[in-house]
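Next, two complexes with chain A in common: one pairs it with chain B, the other with chain C.
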Partner chain A sequence: MTEMAGEVRAAAAPVAARPVAGLSKAVAGWLQAAPLAAILLAFLVAPIAMIVVVSFWKATEFSIIPAFSFENYEFLFGSPVTYRVFLATFKYALVTWAATLAIGFTVAYYLAFHIRSQTVQIALFLLCTIPFWTSNIIRMISWIPFLGRNGIANQALIDWGLIDAPLEWLLYSDFAVILAFVHLYTLFMVVPIFNTMMRIDKSLLEAARDNGASGFQTLVHVILPLTKPGIMIGTIFVVTLVMGDFITVRFMSGSQKANVGRLISNDIGLLQYPSAAATAVVLLCTVLIVIGILLRFVNIRKEL
Partner chain B sequence: MRTGNDLELVHLTKRYGGTVAVRDLNHVFRNGTYVCLLGPSGCGKSTTLRMIAGHESVSEGGIVLDGQDISALPPARRGTAMMFQSYALFPHLSVRDNVAFSLRMKGTGKPARHKAADEMLELVDMGHLAERLPAQLSGGQQQRVALARALVTKPRVLLLDEPLSALDPFLRIRVRGELKRLQRELGISFIHVTHGQDEALALADEIVVMNDAVIEQAGTARDVFGAPRTEFVARFIGGHNVIELEGARYALRADEVRLAEEGRPATVTIVEYQGDRVAVTARLGPAEVLALVPEAHFFANPKNPGDAVCLDWDEGRLHRLLA
Partner chain C sequence: MAKTGYTRRSLLKTGGAAVAASALPAPMIWAQETKNIVLRQFGTGVSNLNDVAKKVKEDLGFTLEMTALDSDAVTQRAATQPDSFDIADIEYWICKKVWPTGNLQAMDTSRIANYDKIVGIFRSGKLTPESTIAQGTAPHTVGFVEGPDGTSFASEETGWMTLIPTIYNADTLGIRPDLIGRPIESWTELLNPEFKGKASLLDISSIGIMDMAMVCEAMGEIQYGDKGNMTREEIDKTMAIFTEAKKNGQFRAFWKTFDESVNLMASGEVVIQSMWSPAITAVKSRGIPCVYQPLKEGYRSWGGGIGLSKSLSGMELDAAYDYINWYLSGWVGGYLMRQGYYSAVPETSKEFMSANEWGYWFEGKEATDVITSPGGDALAQAGETRDGGDFYERMGRVACWNSVMDENQYMVRKWNEFIAA
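Here is the complex of A and B:
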């Protein structure tokens, strides 16, 4: 990658050095940066700025009043519901993260180190992505007939004589929500970890064996540390997706559980845009803080 | 002289499906010698090394070290250590931790393993860079760290897989001097895989020339260079002409061919100035013959491509090839 970047830079250098149509170097530089800057400004900075502005507005049941008021934030931070919901969101994120990491690492490890032929590797990797050809909602809903009170899972367990009555916690519960999250987001963990593992020089594993490391020691002392950046990227994907989700929680909990996303979506449903905006701002800050903390542990720059 | 500590290959064979990478090798590597496994790529020399190291399974035959068949043991319990071509240093560990890695795997305490690692780093003159990460070292420095990491396990045989190939030519010559010095100081066997004949001639107590999965010739550097057994060895080791005379093939060292007043008439095709001498290639009938002529001697009577010359050599210097 770095060699390629070097070549590109080398090829671009003489072009950049030449003044473009008489413009000074500085102006040419700004022009080259302009398209991306414009896109980011229009689709990232402007919407966020708008949300921040609206979060300070006031609202009644039937109108929204431009203002600069901390009312929404005061209400948000004063309500015990907020803390409960944020806590629930963190819980979902943490449990989902742990499960996707365990599954994702195992799958990636198997693909990267146990499959010898690259063709098979790629074929199996594509196989992992097949579920993603359908929509999130469909994959989520397809759990319902499986997990329901008279669903396949309960029927099978009763038929095998393992349980007498249907298990109530299979569907419309935290279990169902987390199961769906894990199902939806494990691939976001597999891909970056697999990518990092593929870059590990195989002779390092031989060197570890030559130095007397057992398979487990190689895993802990060589593979795991070298896979950290991939794990971190996967973690960022999963944590941001889970913390921002609202539809999975609604469907899989049968509207019995809440997370921050649902708080926002409820506010929007009631046309309480300023309140929704304030919650969104707090959520955004929370996620940024979480990512900031994660990035302090691992340097992912070399992966990008 | 044979001692109990020799490393011996017994009918060693490696198959990959239908292809044979190493065919029925029998050889004794005497203890405390510097051996070079020399051959073109794909000749089976690296596979042989990797089988000795334990990174490749043995299809047939055995590897005996110290009177014990080690071919089924894991790499770390064989008494061998390997230095990898790309050095294979752990990028996330400091130089000291890289060297101490094997001791850490054995469960040696931190102070003890750091002490052992530091001693080893002093041996290869890298003690002052112990805190660095491998990426912060030059190629030559990485090579020394890899060497220290292999030696810290106190191997009886050190296996080096093309250890100099990643270095620039200038550094290569310096590092090979250090390798040789280290081998003498430690008194253990070094088995060094290379495809560079100059490297092998410079370093080896014994050269083992491999081709097509078998050993073509083994012997001291002087024996192999002075008396190549086969046409392949004569050509691969360089500096030889292979000439066909009266139905037999002979090897003739290029520095034994003279440009003379009388002898075999030939036509000069290429003249290369090499500093201390001049390499003159001449067409002699259907064959091309290379003559390495001392510089002063050449410029006393310089030749150009297309000139007619006479080539001459002592008949006694013709060395008959067996194959």
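Here is the complex of A and C:
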């Protein structure tokens, strides 16, 4: 953020210097950075601060009492359910990440290196985005009749003679949840990876080939390292989206599974705002730690 | 939609409305002024129907904006956003939770034209003079306050009502007779391993726990002091039984909204589950057999009513009273009864139903002709009877009312654990 503000300041300074002639450059700079800072303060910092404050409050059934109490956190960390639910959340994030990465990388690789014509490339890329023209919820819910006990998937499998009885675990299971996640979020992996792949200097690939590297060696030693920033950006998207989700888990598991988002939404539904806030704070910290660790592997800033 | 049915019904409506209009002693406001009035009503999906809003516009002139939410969201909104609504269409157990926030105002029963005709359940608590009052939050216990500003509930009729009762019903389990193929008689069947992976429960803690209690009691596992107000020990035991069943894969899914329950049943994912009456109607109207199975242990019942926001005053308040009087005057009652609910003033609804419909839905008689839903779909053929018998037979066998417990917070936490288990 500070860097961005700095750039804005540097670029705009000569023009803006005239109207604020009486002020020093530094003051003008602060003023120019102020709108963005104010927006971030009002819509990002303040709400988070509020959530943190409320997480220390107490609640009865229908009223919230301002206080400074660790009760919510004590309950949260004292309950085995919390650990189980966090574990489930990580599980969803990890499996979804692995699947979206595998699919996303393959799709991006195909688009970037196998399609020669730019027109076809753009057309195929747009094709990937078509499912995103409808809402998240619709894309998710449309899986339900497909995967159901008497759904198309089971009917087809039975007709082909692959199974005798419908597969129960297709719907309302972890499988269904992860399938929906992968379907919903793979594009978030494809886009950044495709983007970094397009920037790879093609002469590097030629050099690798000239030096006798096989296709696989080129992939592992040239393309993969150069695509890391894209993978990392995609990872951050997917991990944060999955960890913050609650509706996909609710619908696809038939309310039978829980992740942290559902814990929060249940609390809100029952008017337990302080408890929800405490859970949200813990989740926020967890996600920040995860992203902090991810960023240690790759410097994505130089790619932006 | 069947054309003939529509014509017959619209005739009935017009005729009935004329009767109602001349019979209603309540002061009607001049249409010219009411035209601009907008009343914002929110509530659960059961009675928040666009048809009602349309009819209000026709009959009373003002605009009714409807918002349908689930029970938890309704409670939340009534308790925390008093300025976001004028009329709260809530259940009695929600009223117990929300009334102490002071967001609703008591209603003067002398302004309710049909007050004397409201069924006993909502006034003295007794359906008939001989009835015993069921466990849980029986509507009459939270139906009255001492005065216009009363904060605590009164034990008898005081002339100041918290909610004007609108609809209610006796709930039980819904089943797919075609997929089960044998009679179902007891609540215990919900946990019968025979239906492993084919049972469902609703994921609204305060109602779900009651269905659980009905099952546990029927199994003979737990004897409750009051199913509507359990002790921590009783809650723990109940949850333990269901958590074990859940881990064994008894449940296919849990549902939270009306349409989820319909889809679970219609698709055959589930063959036995907690269900609401119109959900059965919805499944049947797709041509799929579905029975609202009366069980020997009795029903779990609920009642809903209309509450007025504290901030309602002047012309809007008058309009709200008009709306309430109109609500009890029969058209809505008839509309709701054709879906399997009961109206708080059944006798006014009778005028808006055909003799066949009244006999089938209220008196539990054999249908003399095809019974259709308000949408026009056939629900029953001539000769069929309603599940559970007549009004007194059904409402007289209520074992427990939906309720909110003293240990509610503890129960909610346990419920969360159950869902995450």
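Everything that follows uses one rule, which is that the second predicted complex is superposed on the first by the 285 of 304 C-alpha atoms of A that agree within 3 Å, B and C clash if a C-alpha of one lies under 4 Å from a C-alpha of the other, contacts with A are read in each partner's own complex, and residues count from 1 in each chain.
Here, a contact is a pair of C-beta atoms (placed from the backbone, for glycine too) under 8 Å apart; a residue touches a chain by one contact, two chains touch by 3 or more.
Source: prediction; values computed, not measured.
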On chain A, which partner touches more residues: chain B or chain C? C
Which partner does A:G212 reach: the first (chain B), the second (chain C), both, or neither? first
Quick one: is A:L226 in contact with chain B, with chain C, with both, or with neither? Answer first, second, both or neither. first
Which of chain B and chain C A:G29 touches, first, second, both or neither: neither
Quick one: is A:P66 in contact with chain B, with chain C, with both, or with neither? Answer first, second, both or neither. neither
Which of the two partners, first being chain B and second being chain C, lies in contact with A:L270: first, second, both, or neither? second
Applying the touch criterion given at the start, work out whether A:D201 contacts chain B, chain C, both or neither, answering first, second, both or neither. first
Residues of chain A contacting chain B in one complex and chain C in the other: none
What part of chain C is in contact with chain A in the complex they form? 70, 72-73, 75-76, 79-80, 97-98, 100-101, 197, 200, 203, 205, 246, 251-256, 263-264, 267-269, 408-409, 412-413, 416-417, 419-421
As the complex stands, chain A meets chain B at residues 201, 203-204, 206-214, 217, 221-222, 225-226
The residues of chain A that touch chain C in their complex are 60-63, 75, 79, 81, 84-85, 88, 144-145, 148-151, 168, 171-172, 250, 253-258, 262-263, 266-272
Chain B residues touching chain A - in the complex, by the definition given at the top: 53-55, 74-77, 81-82, 84-86, 88-92, 101-102, 104-106, 149-150, 153
